[in-house]
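Both of the next two complexes hold subunit A, though its partner changes from subunit B to subunit C.
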Partner chain A sequence: MRTIPVKLLIILCSVFLLNGCWDTKDINHRSLPIVMGVAMEDDQYNIHLQIPDPGTDTMQVRIVSETGETVSKAVDKLSADMESRIDLLHVKVIVIEKELAKEGGKDLISGFMRAREVSPKALVVVSDEEIESFFSNLNNTTDPQGTTLFDFFDKDAGWSPQIALTRVWEVYRSIHSFTRDVALPIIKSGDSTVIDHLGSAVIKNGRMVERIDEEETLLINAFHEESTHGKVEVMEEATVLIVGNTMDHKSRYIDQVPYLNSQLHLKVVLLETRGNPTDKEIRTSLETQLTNRFNEMFTKLQESKADVLGLGQYFREIPREELKKWRSEHYPKLKMEFEVHVVIRNEGQLKLGGD
Partner chain B sequence: MDPFIKELKETFINSDDLFLHEEEILDVPVFLVGFKTLIDFTKTKVILQKYRETAISSKKSIGELLNEIGEVKEKDVKEAVSFLMTGKLLIVSNNRRKYVVIEPVPKMLNRAIEPPTNENVLQGSLSSFNEDIETNIGLIRKQINASNIRAEALSVGSEQKTKLSMLYFGGQADKKLVEKIRSSIEKNQDREINNLQNLAKALGFSGWSVISKVNTTELPSETVAFLRKGRVALFVDRYPFALILPCFLWDMFTLENDRNYPIPLMASIRLVRIFGILISLLIPALYVALVAVNPEVLRIELALSIAQSREAIPYPALVEILLMLIILELIIEASVRLPSTIGPTITMVGGIILGQAVVEAKLVSTLLIIILAATTIANSTLVGIQNSLAVRLFKYVLVILASIYGILGILGGIVLISAYFASIETFGISYLNLNYAKEGTKYG
Partner chain C sequence: MDKSLHVVLMYLLVHLGLIFFLYPNDIISSSDEGQWLPIAIGLLFHFVLVWIYMKGLSFFPKQNIIHIYSEMGRGFAIFFLLPVFMYLMLVNIIGVRAYSEIITIIFLSNTPSWAIIILFLSISGYLAAKGVEVIFRTGILLALIFIPIIFFVSIASFQNVDWHYLFPLIDDDFHFMTTPSYMKSFSAFIGGFLFLGFTAPHLTYDRKKVLIAAALLIPFFVLAVYIPVLTFGQGTASRFMFPYIMTVDSTYINWLMFDRVTMFFILCLVTFIMLHLSLLLWMAYQIMNHWFPHQPFYSVLPFTIVIFITSIMIIDWKTVERLLWWNSFLQFYVLLTIPLSIYFIGRRRKGRT
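For the complex of A and B:
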């Protein structure tokens, strides 16, 4: 009986002494970078970190940079030089310089996934300008919280449907998937706004192979059934606001040739009209415009053999061995039929043709 | 002098409130023995006088008269002493071998029936138990007009006899449970019961259980509701509470008085109490975990503003929160101790310490003050002071685990607490029982 309290005491003491968790650092002794910029300079990674630095009353944003053979080496060097430990878990946006993206960021992304230092939910973005100038411009225009870039991509804040949203894990998946590639947003620092969105980079196997513009990115987002709510489409007859979108797909695989019929259902609200178009004219015009745009983009994608839309996912009947060759053999042969169906949900306060 | 009287006198030496009053009843000299402090002597004498007069008119002998007015006992000092202690009047005559025990007019030493002091009642019956066990049982009988209420009188203690009473609904309460309680009290006849710890020992419970195994209430209306659900109520003399056995986790969230509201309101009030226990258990631990161990869980905006509020705070989060929690416990304890006239001073000083000064002196962060306030308020939503004390203690377990293992530690702590709850049983009935009433009716 007597031994039980003694044992209990030993267990309790060891919980406190052996857990090795006394070196946890409080939140105010950690640096929480929000944006990480990665560039390649003569076989060395050049890392930029944007770190909000909370003072008692004010919040300042600091940009620190370092080079190293690997990302962790560079961060480690930075951490040693700084007064608080760098905690990469709060990195929300990873900006990759275009040159690096073209060369291929396979090792970089795998490193992020392996090390668990950076959250796999962080967004990956391609910068069209040099990382150095991008960050210095960012610092000049950014808000005191330092979350500008993150807010730009935040669905609850500044995101718009023509911006691609791709996370680290999605990029990693695309590297190892047979049938799925990703689009990363391309940005550069803007003149009047903080950021200029230039469209998207198509990443195949971790390497940037093609560029698409904003309108095309919208179609990709719509294809993935992301909300396209709020996008304004301008046509000759009218300008409409998209308020809802759904997709339907039908796939067939006949004689080694994949066929896919995709239908985009759009709900729009009329904003402005030119002349006196009828309901039907507006719908046909929008449908043709979007279909043409999609077909153009699709041809481009097919040529670059990058399956950003993840179309291989719709052909379950292709065996896995065959699927390995999806990008090289099947995808270029794919016959795609894209149809847009538009419903005008609301003509506004004025009736069409009413005037 | 009679040796019996002498012996009595010796037993109560230096007890000056014992009176030995010489009288003659029907020409026989007798001693009236009793305690001045327990007996209203004047009124008792008037009643005796009346008996005497009727006896004279109907020409009864002294033996007949004494038989009529009281209980005739053999002269046994030990027994006589215990009668005296319970406030009885003894009539001892010199030359007889017997004495008579009379129920005198007692001194009024009880409170009146008052509104409850520990439990606030909104829209419900207000009378509460007091120290007198018979009043309490009377209150129960008044509260519910049912013939199947059983009130078994028991008494415990070798030197000091304590009156106990066990109430239950015949046909509703589990017979085995009643039998177990009865036998464990009878087995512990020689234990003295002065407090609930003694009682818990007498019932065979461990004294080290954090969760009290008896539920206490001072409201007859609540007690009756428990009885109706097949529970057993124990009353201890001079203890103005009903002790409900067995006790369940769900009692922490429910009051019978809730049923005086419409069902949706009742459900939401109970939901608030469930939130109460969760918030008071989890929030301080979450603060430590999120600030010190796992800041990555926070949204970046929140993380930054917390970092900003903790700027220049000298202590690590654990020390900071323990410091403030202890000050808070001191304030709560002090406001219980203090007479109500100086109580507000403590609240005011405490409010200044907690609300302003500590933050301005940069000892703790502003966020912590919010956490503390939320914890304390949430803790008070629980039903039963013994339950909220237990939750107050469990909170520290979670805080310490959180400081070591972060969010994982909180999870581990919750598992630990749940396992502990699951391990508690009262006479073979689990603490986590949810529908005891329904099961209980089976035993009818």
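For the complex of A and C:
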């Protein structure tokens, strides 16, 4: 009998301990932004947040902005000014202004990784226009859900294979990696569509050093064996749809010179033809087109010493001390051989040369 | 009574709790390349010590190490059991403090650590006061519910692996042997098997099955280090406090309705850690009970109060790290002397009869 009060006491205590209501703020007292814009204005971060605001019947999207020495400071100021607390837990897209990207966002990214408030899975995007006008345009054209930007990059929604997808942790990794850089998509607000995709920014050690266009980004995605499924390629003879891609690499390291042979195997289906090209003509034409495009891009990348393709990964046998100098010494010397092999899987409902 | 399943599951849970938090960082910061070598050496220690310990214990059926030492004489018992008792208390204090801090770093950033410590201590203290059967039965329950989640998360964490990071495979010097972080990593390799000597006569087990459980743990020891290295590369992985947790955090599972799988993963591990703490408390009680026979409640309660006060006094993570480092010496002493002494006492006694 004596133990019953004790048990009751324990149960009561655990009610207080286990409910998890410590300093809790209910969900209606929280603001959960989904897009965060960061710009630099005379040594101050300028933060824009896009917050969906559920009303009784409709969803409204609010844009709030604030400046501060650090991101947390700006968010803290915003939190103080707003009637609810800002929780960055659900930020899905981080838009960085081009100027800041050029200056370098190393501390910014490290901060995101350290505080853990922003998920390391959030996407990083570069904005070609000023963050102020980008957000106001976004708000004018956006759908009531406020998820346009997120959907644009979602593989299950609006993503297409010529858009680079890079997350916070990947940017962080590239800052500290010897052999790897990243490409971030560049966007601006569009006229007829909400977002206009302009290609990718090449980020080296957290700093934007080069710009590549959409077609080149496609090759980077193909190189990383991201699916390029659904991309349409137009040539003089025909237009094809890519339905599959794989890569093969052979690396050699002879006399301090790295050699890499990469082969891209593409599977395509025929969409349109111009005139009467043969199967072989179409294949050669596509192969030369892609190879030339790749070589052009590669020369550009090699000049900027940014290893977006992660080619250093294929030379991990180089001792660690040497690998530290990969970008500055070995990468510019790299001899790259890029080959494309195309298979036309089918010709559609019509026979080739049948019309 | 043969309770091999209980013991095996407990063995797995205790080690899983130890593997995923501090151990990956210790190994990654101890060696720049070829991390499999330090892991292999640690595992070798693990297997050899567990084997010697169990072999030694098998000379004394139905006796735990307290009985064995006290048969040798009072001085003998104090000489061996007092360090064990100190070790158990120290591990408890550090464990409670470290894991409460880990929880605040990882997700409960607003909760004061004393609240988390009370939660840890009240649950594990309650289990410990109820006795060994309850602890082991809880172990079965936790294993049934949580091991599938651990398994799922481990597989999902392969998502961003780049196998090129595996190279270079060979680290030609053995400088990792002398780094403090490698010494600390041994708390995962050898910190979890002491309880095997305390369970008799309540529970008995098949030695072979425990060794199989130890073999099952090998992939986890390897993955906890290699998945972060393969995902981020050594250069980046060495910058993280909890590399494995970070890796789990960066996996993106589209079809899962939960955004952060990490939370499930961490909470599962936290329950394993609570179980481990209760086991440590119970072992400490057993030693106390041998010298001053009493009800478990009367020693578990003072223990938890002492642990609570001491761990509150540890104010920052730097102190926790320093304590972990100091503790690694005591740990080596205890976990080398106990298995070896039990083995030699057993051999001698066998020779005599």
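In the analysis below, the second predicted complex is superposed on the first by the 337 of 355 C-alpha atoms of A that agree within 3 Å, B and C clash if a C-alpha of one lies under 4 Å from a C-alpha of the other, contacts with A are read in each partner's own complex, and residues count from 1 in each chain.
Note that in this section a residue touches a chain if its C-beta (ideal position, glycine included) is under 8 Å from a C-beta of that chain, and two chains touch if they have at least 3 such contacts.
Quick caveat: nothing in here was measured; it's all calculated off a predicted structure.
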| item | value |
| --- | --- |
| First (subunit B), second (subunit C), both or neither touched by A:D87 | first |
| Partner chain in contact with A:K121 - subunit B first, subunit C second, else both or neither | second |
| Which superposed partner A:P52 touches (first subunit B, second subunit C, both, neither) | first |
| Subunit B versus subunit C as contact partner of A:R320, first or second or both or neither | second |
| Subunit B versus subunit C as contact partner of A:S177, first or second or both or neither | second |
| Contacts of A:N28 with subunit B and subunit C, given as first, second, both or neither | first |
| First, second, both or neither for A:F150, with subunit B first and subunit C second | first |
| Residues of subunit A contacting subunit B in one complex and subunit C in the other | 90, 119 |
| Residues on subunit B engaged by subunit A in the complex (per definition of touch) | 290-293, 295-296, 300-301, 303-308, 310-313, 316-317, 403-406 |
| Of all residues in subunit A, those that touch subunit C in their complex | 10, 13-14, 17-18, 22-23, 90, 113, 116, 119-121, 155-156, 167, 169, 172-173, 175-180, 310, 313-314, 316-317, 319-320 |
| Residues of subunit A defined as touching subunit B within the complex | 15-16, 19, 21, 24-28, 30, 32, 34, 52, 54-56, 59, 87, 89-90, 92, 119, 145-147, 150 |
| Interface residues, subunit C side, partner subunit A - complex | 32-33, 105-108, 110-111, 115, 118-119, 122, 126, 162, 164-168, 232-233, 235-236, 239, 246, 249-250, 252, 254, 259-260 |
